[in-house]
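Chains here go by letter, A, B, C, D and E, matching the order in which they are written, and residues are numbered from 1 within each.
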Amino acid sequence: MNDPTAAPASDPTVTRPPATPQPDDTSGESTVDTTSTITIPRMDPIDAGRITASEAPRAVITTTDVSCYYGSFRAVNEVTMDIGLHEITALIGPSGCGKSTVLRALNRMNDLIPGTRVTGTIAYHGMDIYGKDVDPIEVRRRIGMVFQKPNPFPKSIYDNVAYGPKVTGMKVSNMDDVVEESLRGAALWDEVKDKLKQSAYGLSGGQQQRLCIARTIAVKPEVILMDEPCSALDPIATSRIEDLMMELKEDYTIVIVTHNMQQAARVADRTAFFTAEAAEGHGDRTGHLVEFDETTKIFSNPADSRTEDYISGRFG
Amino acid sequence: MNDPTAAPASDPTVTRPPATPQPDDTSGESTVDTTSTITIPRMDPIDAGRITASEAPRAVITTTDVSCYYGSFRAVNEVTMDIGLHEITALIGPSGCGKSTVLRALNRMNDLIPGTRVTGTIAYHGMDIYGKDVDPIEVRRRIGMVFQKPNPFPKSIYDNVAYGPKVTGMKVSNMDDVVEESLRGAALWDEVKDKLKQSAYGLSGGQQQRLCIARTIAVKPEVILMDEPCSALDPIATSRIEDLMMELKEDYTIVIVTHNMQQAARVADRTAFFTAEAAEGHGDRTGHLVEFDETTKIFSNPADSRTEDYISGRFG
Amino acid sequence: MGFLVVAAGVSILTTIGIVVSLLLPAIQFFREVSITEFLTGTSWTPRFQDPTFGVLPLITGTMWTTAIALSVSIPIGLGAAIYLSEYASTRTRKFFKPTLELLAGVPSVVYGLFAVTFVGPVVLKEWLGIEVATFSVLAAGLVLGVMIIPTVASLAEDAMSAVPRALREASYGLGANRMRTVLRVVFPAAVSGIAAAIVLGLSRAVGETMIVAMAAGSQAKMVTDPLEGGQTMTGFIASAALGDSVQGSLQYNTLFAVGLTLFVLTLIINIISIRLVNRFREIY
Amino acid sequence: MAAITAEPTAVTRPLTAASHGERNPQSLIFLILLWASLAFGILVLVVLLVNTVLEGRSRIDAALFTNYTSQIDPATAGARAAILGTAWVIGTTALLAIPIGVAAAAYLEEFASKTSRFARLVELNVQNLAAVPAIIYGMLAAAAAVAVGIPRNTVIAGGLALALLILPVVIVATREALRAVPQEIRQGSLALGASPMQTLTRQTLPAAVPGIATGTILALSRAMGEAAPLLLLGGLVFVKFDPNGLLSGFTTMPIQIFDWAGRSQVAFQELAAAASILLLVLVIAMNGLAIIIRNKFTTGR
Amino acid sequence: ESGSGSTGTDGAAALSGSIASDGSSTVGPLTSAAAELFMTENTGVQITVGTSGTGGGFKKFCEGQTQLSNASRPIKDEEKAACAANGIEYQEVIVANDALTVVVNKENDFITCLTTKELATLWGPEATGKITTWNQVNPAFPAEKIKLYGPGTDSGTFDYFTDEISGEEGASRTDFEPSEDDNVIVQGVSGDKNALGYFGFTYFEENADKLKAVEIDNGAGCVAPSSDTARDGSYAPLARPLFVYVDKKAFTSNAALKGFMNFFVENESTIAEAAQYIPLSDEQKKTAQDELAALG
């Protein structure tokens, strides 16, 4: 840990032989049987080509050697990890290490930033989501997203929730029911049921964030990505959202980025620690996955000294 | 702690009787004997009108009931604290609680944002820095500032350091000496002595930040304010800056804002914990000082449960 | 989506249209008049009995009005820009910026009228005692300069506002006052944007028609004295358009030769300006 | 914790203004110069307005609006045909420029990849077209009219010239307005599975309307004051009728002013000034409207 | 360009249709005045009057863009050819008289009369760049700088003046301020003590308070321009007739055009007076009426 400029690939603590071929997820084709899911083989994280959490459950999303670029700048280098079904997976790490970038790669939200590029494979139930025939819109419908700053639309509360079902052309017999159900799911119904027609901007920050969650579950996704969903909220609102996440994981798979390590420790089943190290010479720092394991393991007995340094607050 | 919307003033844990008059710092006049300084009386933080750290040294800056406004929005409410001479004082708290706002009020950097207003009194060696005849430029020269993102000028390294002495009209017999001395003071000399004429933009982030510190000490201030000076840096650079701070405090008084509690614990003599609670109804949150004490006390035995919650990562 | 692409394509069609509609008659023109004569000749009498086709008189006319206009609009425009971006309160800026921008909104015929009936005879002659001709390059240039003040000011202000707050704060944090911060940090950092502002002002000045057509005079001659009249490229096009020529005649094609010259000139100026703008965008 | 060494503070100088402060002579002179620059611009504007009003105020009357121009009797002549002609031409301009401009901007801002050659070409074109002198657009529209075989001095040709003239401005303004729409709104929509086109029409464009309106109104007000391109269309004619269609002949306010200003009788000069007042009022009103929309938009957010 | 409504000069039933005219800036105001009076009675008729100059007008006329062309000189051979090439047949109609007037600044105290020879010296093509001070024109004049204004090369006035003075149409010095816009000449000459310019009599009459008309000596003594001297021919060689050329085909097919032309000639004296022109003599008017009648 004395040379911060060392390229991640030459880092001695994580050796990464060429990735072992994975079934179904390297071909770039998406005509695979949609019902098949992959069980991640158990492997020792250090020795294996694939950094996986031990005791891995069935994977919903698997990433293999995923690197993300903004133009010519490689923001994240070769991330290989699996997102377990009905689990909460936390991504932690210092600012700029690429947590958000990785998260957004998982449902192709990065497509929207011009010049971005993703290499490697991200498979959702074994289907390459960057495959040729894949419709990113469908990917995003199945893998929803909640953002750091609550971002309700400048519309009524009702319209915010109804928007998703409408634009995705969901068959809805009664929109009112969908709205109510979603708001209940986000533990917001009681607070807003009397002002559904009012502007969403009138809600408090925490309520707005729950509205965004309601909006997301209205389109019935399978996975929900959350990018620091509580960092703009106060303690009470934060703990409400955390409670909500624990409830939601019964029905959904959740990936959350947080800079609050205690939050990760409280809610996550598995935690991935990322960091970014400066390349030789000038400022560009490339993020990479240092360690990915069960949350208790990461916080009590991390395998990498950088993880330990970060957890114990020595930087970040 | 169940009602996040309670106005800070009615918070039961911090009772604040009308401020005990302080010598020299309430009049708004600055014709006070300029040699006088104030020693902070030792008081129990809970009982006293003034929240002070115990074992207080001589104060360089004292703030009394300072509230900061952006337009009509009160960002920070009634902060009363003292900055001890040749100490490092850390301001911590969740995002948006007003740490930066308070810090910038201390050297009138807030003046530059249109619509800002500061009420209450901030006294520097007993002189009200918002007094009628006070020149904010002189205030900023004596109370320097280092920012979150390294912000060197698009000039050479040399010119960056020489800029302050030049524009403040400092009598300088040999600018080269001033530049060398300042760069040595910021532990940067050895790394840049051969490329003084090169652009500062060619330096790494950590070097740039030390350059900014060198630039600040070149004008020989008494106090240095630092707003999250390491949050954009990697661990190595961070620890260099932390070491530097420990050296600098021999000659300077330092106030640092950090979101890294461990950093506060490592470097600060005293720590102030701020938080922001949402006002009734809508999103505006007003920040206020919850607790201010010796760092060891804050981290081992905080008087306020919110401090404890924050320290232990229950929110933020 | 198809509509969006087609709409975007309109701009390309426009450029092609301009090039074609200028180039075809201009080619005809250059069949009869050598490019050398056109570009180096100092006499411009295309519509007289023994026509001459040296475009330099029109170019000197344009250069004079443009130079005078810039000598007004650069100092005034930059001064106003610095004031608005660095000194004015939000309130002041909110009032003065749009007010100043009205200067660019005043129709150019109104300016033309103002130049002929007021600036020339009253301001220059009566108040300042300058013996200007009824139609003078000076009066036209001055009013043209007033018109482009906001062009220069606005883009220069944008460039200065684009200088990151962090740089200003660094400077103030070191105890620099406003003037020094402006002159030593903001201005140098914004210099390419400011240059772009000036270049944009330049291209406006070169292309403006009505003011010069109404106030600068219509005699194409090598301008040496700004107190006298002179004709600019745009002035020629406008006056030639008022009288009419048979399509295909040499005189008719003259119009397009000058139009093409004007187009190419502004194109060159604009390319320079785009370069400059891109450069200042790159920095931050 | 480190021991506290409370050394006595050195003698502290007062914080009052020193020579390098904000109020030293240099700074004051600099400030005065800046202030004078701004004042000069405003002063010229005021003089121009006052001068025009003094000259034209006697002819600000009902006849100015209801009567046609007259050869014989300038005292009762009016700008009716020019006012209606302006309305027709500017209306045509708006109908051509706004949909095309907004669509082009939406394409560039929301869909085109920065690396696409077509997008880069379009962008370069827009930048270049913005600097093309107005009079060139007149030449283009004249050529276009001849090419399709309609007379040049028609509302449609005038509208086309002005629409092409302001198209770059509309595109730039729309792009800026779209850019000002928070990315979060788009992301929120897309993350719900809305298509980019749905996101554009349901979220982004509605949110950008105030900005688009501001830019477009300013562009139209500029077009309204433009005379040069219309002169190239043979627009300087004596028109004493209301335009009644896209192929109708027309005159506009600036052309009428140019025409009147070119006549020697004092009564025509006054008429020119009166029409200038009218045109200035329109321009100022449109600018004001644009500012109101902009302010409402920025404070409302 | 089609007209409808009942024909006839009585104007009992209102006409409708549109008429495009262009051409001489000297004649333009007269046609505009006629159109104005005509259109108050026939509100359905739209008449546009452009002022591109006689030459410019004929170009459009012979391309079929206009149905009427105002001219301050007769049509030239090459213009006839252009019309013929496009199958445009026309009828020349005299509509007023003009005295081409040479004007100087009101304060000019050395010029009251110029001989045609002096005018030739002043305006001839050889004068370009050489004749620059007044004493070169006449040694009795002061050595002041000459400033000249005149109509643009597309104007009939320019053609007529150069023809009469230099002996060849279009033969003129080139270093003067040319303008199709006669007010530019008014402004120019009234603004400069040593300036001289020339244009139609009407413009002088309108600006008699700012300008001084120069008497012309054609060998028979100095004659000032006026209605009388123009009509009786004593204001030589600069007195001239003014014309309107009408498209024959349009005349017969467009009732509005026919109505307008008949109205124009019928009320010629009223129109000329209103527009401050020199009206036709009875004889001239008779000829014009006959010519129109012959068109059908």
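Please note the rule applied: a contact is a pair of C-beta atoms (placed from the backbone, for glycine too) under 8 Å apart; a residue touches a chain by one contact, two chains touch by 3 or more.
Everything numeric here is computed off the predicted structure, so don't read it as measured data.
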Fill in the blank from the handout: Shared touching partners of subunit A and subunit E are D
Exercise for the section: Compute per-chain Cα centres, compare each with the mean of all protein Cα atoms, and return the closest chain. Expected result: D
Completion exercise
Per contact tally, chains sharing the most pairs are C-D
Practice task
Between subunit A and subunit C, tell me the centre distance in angstrom, where each centre is the average of that chain's C-alpha atoms.
Solution key: 53
Exercise for the section: Return the distance between the CA-based centres of subunit A and subunit D, expressed in whole Å. Expected result: 46
Handout entry: Averaged-CA centre spacing for the pair subunit E and subunit C, given as whole angstrom
Key = 37
Practice task
Send over the residues of subunit E in touch with two or more other chains.
Solution key: 22, 51-52, 181, 184, 187
Problem - Per-residue overlap in subunit D, given as positions that touch at least 2 other chains - result: 20-22, 234, 236, 261
Fill in the blank from the handout: A full list of chain pairs that touch reads A-B, A-D, B-C, B-D, C-D, C-E, D-E
Practice task
Give every residue of subunit C touching subunit B within the complex, in rising order.
Solution key: 89-90, 164, 166-177, 180-181, 184-185, 188-189, 283
Exercise for the section: State the interface residues of subunit D toward subunit E in the complex, per the touch definition above. Expected result: 68, 70-72, 151, 153, 234, 236-241, 248-249, 261-265
Fill in the blank from the handout: Seen from subunit B, its contact residues with subunit A in the complex are 1-2, 4, 94-96, 202, 204-205, 230-239, 260-263, 265, 275-278, 281-283, 285, 306, 309-310, 312-316
Problem - In the complex with subunit D, residue positions of subunit A that touch it - result: 107, 109, 112, 114-115, 137-138, 140-141, 144-147, 149, 151-154, 163-164, 167-168, 212, 215-216, 218-219
Practice task
Would you mind writing out the residues of subunit C in touch with subunit D in their complex?
Solution key: 1, 3-12, 14-15, 17-18, 20-22, 75-80, 82-84, 87, 94, 96, 98-114, 116-118, 146, 149-150, 153, 175, 177-180, 200, 203, 206-210, 213-214, 234, 237-238, 241-242, 244, 247, 255-256, 259, 262-263, 266-267, 269-271, 273-274
